[in-house]
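Pasting a structure below so you can have a look.
Chains here go by letter, A, B, C, D and E, matching the order in which they are written, and residues are numbered from 1 within each.
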Amino acid sequence: MFKSLVSKLNPVQLSCGFHTTACMNEVRLLSRLRVVDNSEIGKRAMAEGKPPKVICVYNKKHVGYIGDRVLVAIKGQKKKGILVGMKQKQSVKVPKFDSNNVVLIDDNGTPLGNRIHVPIPTILRTILKEKTHSKGADYTKLLAIATRFV
Amino acid sequence: MVTGSLNLLRNSFNKLRIDHIFSRSFQTPRYRPPYWYEPKERVPSEEFITQENKQFIEEVMQDKLQQQASLHSPLVNIDSSKAAEWNPQTRRVGLIARKIGNYPLWTKDGKKVLTTLLQVVDNHVIRYIPPEEFSPMVTKKYVWKEKNKLGCLLVGSETIDPSTVTKEYCGLFNNAGMLPKRHLFRFMVSPESYIPPGTPLQATHFRVGDYIDVRAKTMDRGFQGVIKRWGFKGMPASHGVTKTHRRPGNIGSGGEKARVWPGTKMPGHMGNRWRILRGVKILRINTKHNVIWTLGVAIPGETGAMCYLFDTILPLKKHTTSPAFPTQPFVEDLPLEYYDESVQPFEEQSITFEEN
Amino acid sequence: MRRQILCLSTKITHNSCTKALPLTRFLSTQEAIDRRYHLFTLEKKRQLDKVGRVEKIEVQYKGVPNDCTLVMNKGISTPYDCARHLSEWHMDTSALALLDGTVYWDMHRPLTENCTLELQNFRVPEPQQVNRAFWRTCSFMLGACATVAFKDTVPVKLHSFPGPDIRSGSFIYDVQLPTLDDWKPSQQELITLGAEYVKLVRQNEPLERLEVSEELALEMFVENEHKTKQIPSIARNHGKVTLYKVGKHVDISKGPMISTTKQIGRVAVVSVHNLNGSNSEVEHLYRFQGVALPTGVIINHFAFSILTDRAKKLNTVRSPVPKTLEHEDSESIAMKA
Amino acid sequence: MNQADVSKLVSKLRINVLPKHRNLNNPKGPEGRIDKLRKTVTGLIKFERIELNYNRADEARQYAERLISEAIRHGDCHKPTMDTANFWLLEKELIHKLFKVLVPRYEATNLSYTRLISAPQQQYGRHTDKAVLELRGNPFPDLMNYKTNNKLLIQNVLLDAAKQDYKQSKINEIANNIGKKGNSSLDKSSKNIEVPEKPTES
Amino acid sequence: MALAIRRSTSEVFGAAKWFIRRDCRALSTLPEKAVEVPVEKKRDRPVVSRIRANARNPNLALRHVYPEFLPDPNPKWRNSLREKLERTDMLNRRKQIDIPEFYVGSILAVTVADPHAQGKTNRFVGICIERKGAGLRAEFTLRNVVDHQGVEVRYDLYDPTVHSIQVLRLEKRLDDKLLYLRDALPEYSTFPFDMDPEILPDGTPVPVNPVQVKLKPRPWLERWERQELQGVSNIEEHLKEKDRVRRELRKEPWEKYDLMKQYRKTIPIEDQNDIWAEVNHQLKQLQLTRKKVSRKRTFGVPKTQLG
């Protein structure tokens, strides 16, 4: 057993094998998120250890970025949410968080909860304002329930 | 006796009448180097010269260099009223520059932009060939006839040790009274933007905010497969795929098309080709070191590669007002740096944003 | 033939004011060269025939690849023949022979007695004598070049050349061009002269040496009044005059000279100066100047241009005042320098 | 762009260093490469002149140069340097030679410590580029036969004469210039004298 | 032997070489050179090795404080003029704001102009976990835990939107990079935003904080056990036998002796001396002016507090 392990881990084989770069931590299909507002469904899902799973990212690239709308499967339901903090590498002056954070919203852009208990990036303010159109959903309500910006 | 026979012959020739003249069609050679071209490389050989004599040769060379440096630009003497006016159709001379690296600048709204630094090293006009005399090599069957023919302006950059190149090559520079240069390039210019040989060209030939075209050789990447060369996707790593993970796959169909179509993307040599990047914006100019900062990092070639700068031909980015014409004469007290208005100079205070 | 006679007759009519000169003075340059060459070959043949029965001498060769002893013919074999026994490299590169460690001997001069032999090329540790022989040969060749280069209508009279002084920067030949008054060669003419020189060099002729009696020498140079004036003073010591021949050109020189013309490499005829200002006795005297390097020596064109620039200046080694002892004197002076 | 490593200080090598190392094909990977080079460096320090493949010679040369420069910089009382020397020199008596023979030999020199000369190639058949790697100041006869300092060669005689002539002409020119300047200043002064006269005329 | 090292001229040097070689004859496998050079009188002036003299330059200590002034060592990207222009730009920026001396492990407060924020400025406090990049690309990363959420922000050192960089606590840690704080317990990277700056008295060396953090149980972001970290205490607790075996297999003990690898990563002393000679004077000037200004401020501050 041990011998076979050693022979498998021979550095010669490894050196020409697979790459070992750090993972990208991207938000894409089926990645798990952390709900950071105090909506009932979100709180229960996190408490049960069944965090929501992304089933659609509403942009062309299918890779989520700060302020992107996602569809998540949470406790057997489909809910929409907005990404408010990312784990992947960010550009200069944009904060990078230790987890991928999401705030659940309904179709009109109104958050399901009434408080966000983690800091959210200031750049979100501009992004959400840009995404809000007069006739569509109003996402800026989310900013109103934020407690802290970094 | 002899003269008599000669006379006979002459008379008989006189009676001949010439009706038709045939001439054999003459084909110009396919490859003909430009006539200012001279072989440059010299085979170095052991010369058995003592150290003192080498120093002496070096000293003579330095003296010549000094002599060259003390040459005044002939452009100063030109009367500005006599010189032709610039109009959007005229073509000015360009510059030979060396790419010396990239570094970031910040714009006034706090954005970081990467720039490429181009150093204009020791550029001098070597020779002018007016349009009537200029007959370039014919490489294509059908030659585009230009309405207003252009003259050819030969520009050299970077003085080198004359003993490293051939005598013929050095002879090209004798007219301008220069030591030989490492790089020679021909710029097609309209006749009114003629510059007398011996004129130094500075980075201030262009202005900040102008757009330029940059011609350079791309990085040499050697023989590459289709994934790197053409961005093919390759084939899956698993699922029964054997020995064909990075291969191009099918390259054509059968029937009448059962051959490789011209232009099919295949593996081959990648890079080391001349490419032109058009419409590059100039953000900053240093007049002391003759350095130009251009927006973006897409200028072909690695650090230290040579590139040629022209006024852009993109219709929307062309000059609208007259640039320095025919070139910027040498002036003593220019400001050290020119910045585009979008760029934040490092000497200024930190950026603050106003509440709307 | 008819044309030559015509030419001669026109010359006679042209020079009719100087009646006193005999007819032989009016040989054309080419005819004079042919005549001299003919006399030289006759004399050489006569001297070779005089050797008679072949005697053997032992020549001890020193140098690369190894020392050896060669048995040669007395009075017939030359150092060049010894080199032919060794290798092609020896034939091509050796310019002078050093006999017994003291006597510098021409490569094409027959050996007369037992001796040791060292072959000298241009890279030997002490190349002074080889360099001097080279410089002397260059001057000699410049004379040959000057006689060939002009048209038939321009008579050329060689005057003399001083001993080799390398430090002066150029080799010289003084030539009288009686019909040209204040001639200044253009750049193109200088290049043509240089091309003629190179043509001569390319012929790869050996430089042959011959010692002749004073009378014969006078007979050979009968049409050249400068040489006829100089010959008695040269012959005063030994009664003999040393002549050198390359191709068809024969001239007086003390020697020694290098082996063949091929050993002259890069060469440039740089300038021609008019010496009339300094000398009143010889009219229309021109000083031809050039600079050259041996075949094996390659220096870059920039360094060579420094040398040519310097050689353009008038070389004032010795103004050609017809002193009697010129050859010996000037050489000794040059040696001291 | 990466930051330079500041934890260590190294002195500059006097040879050309390629931007990237050569892998020197080896089944044992980087460890095998270093092992190979250790043998070569040991051989170089021991025999002072060795002949081998060019690529390997060039790599080994860099390591040898670094080893000697470290030894010169730190001397033999520096523990890490001693460790390095111990690692690179497989025969332990050579460590003594490195610090006691080579360090004094190269301490005041301005040149590189080694020389790499490409060896003549095999005429027929497949060949790899060979090279001779040697320490400078070795006791063997010189490989390159430079005779550049013979002043008596004809080109040197000519150039030397030209040099003297050039210097003489320069001195003359300067002397002339001084004379001219004196004259011109005189002229100027005379002009200055003339200038005030004009208003009086007007 | 020691005497021989102290000679200067080349002839004496040759003699010394012979002298030494004679002594080491047993060690050397070389044929002895036959020439005997008479040993001249010793001179008092010692041989000053150029290499050693260069290494003694006091300016070299600046490389720890201002590592971004050294260019990238990759020779493909180096160009003396570009580096020079870059340095002048950096100095110009340093004249505008005070970029203090700080290290990985120091706690910083950075105020930037932020067009997205409410008051158009944004302040962040955190521990510096990484410093990288050369020249104007130099950047550093701050990490903090806010509301039980780990946050990291990357800043460009020479960004003109940066209004101030304040060092709250100047110290070093045991490692060059503190990326393992991402996997450590949150209390090790929690710092209050209203922290008071701790001022070190002048002339004291920068203290090294010997704290060893505790890692959370696996999974981790990286294989910390292979990196020979000093600042982690409980790494062995979380390892299985197979990890230890892999760690042993992946060890590269020869790396330490790969002299050329080190050389390719660093800027040689001779090059550094040129750079520091160029920059040093201006940096000193800047420091002096800053000191004057700060002294004025310290006199001014108590009044406002009293008021």
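Worth a mention:
Here is the rule we go by: a contact is a pair of C-beta atoms (placed from the backbone, for glycine too) under 8 Å apart; a residue touches a chain by one contact, two chains touch by 3 or more.
As the structure is a prediction and not an experimental result, all values here were calculated from the model.
Chain centroids computed from C-alpha atoms place D closest to the centre of all protein C-alpha atoms shown. Of the two chain pairs examined here, A-E and B-D, it is A-E that is joined by more C-beta pairs in contact. With centres set at the average Cα position, the gap from chain D to chain E is 31 Å.
Between the CA-based centres of chain A and chain C the separation comes to 99 Å, rounded to the whole angstrom. Note: centroid distance chain C to chain D, computed from Cα atoms, is 48 Å.
Centre-to-centre spacing of chain B and chain E amounts to 43 Å, using the average Cα coordinate of each chain. Contacts with at least two other chains are made by residues 47-49, 57, 60, 112 of chain B. Residue positions of chain C touching 2 or more other chains, listed in rising order: 123, 297, 299, 303, 306.
With touch defined as above, residues shared between interfaces to two or more other chains in chain A number as follows: 11, 92.
Interface of chain B with chain E (complex): residues 100-101, 103-104, 106, 109-110, 112, 117, 119, 286, 289, 291, 302-304, 344-355.
Within the complex formed with chain D, the chain C residues making contact are 122-123, 125-128, 131, 134, 166-169, 291, 293-294, 297, 299, 303, 306-307, 310, 313. By the touch rule above, chain B contacts chain D in their complex via residues 47-53, 56-57, 60.
Of all residues in chain C, only 123, 297-303, 306 touch chain B in the complex they form. Those residues of chain D that touch chain B in the complex are listed here as 147-151, 153, 155-156, 159-160, 162-163, 166.
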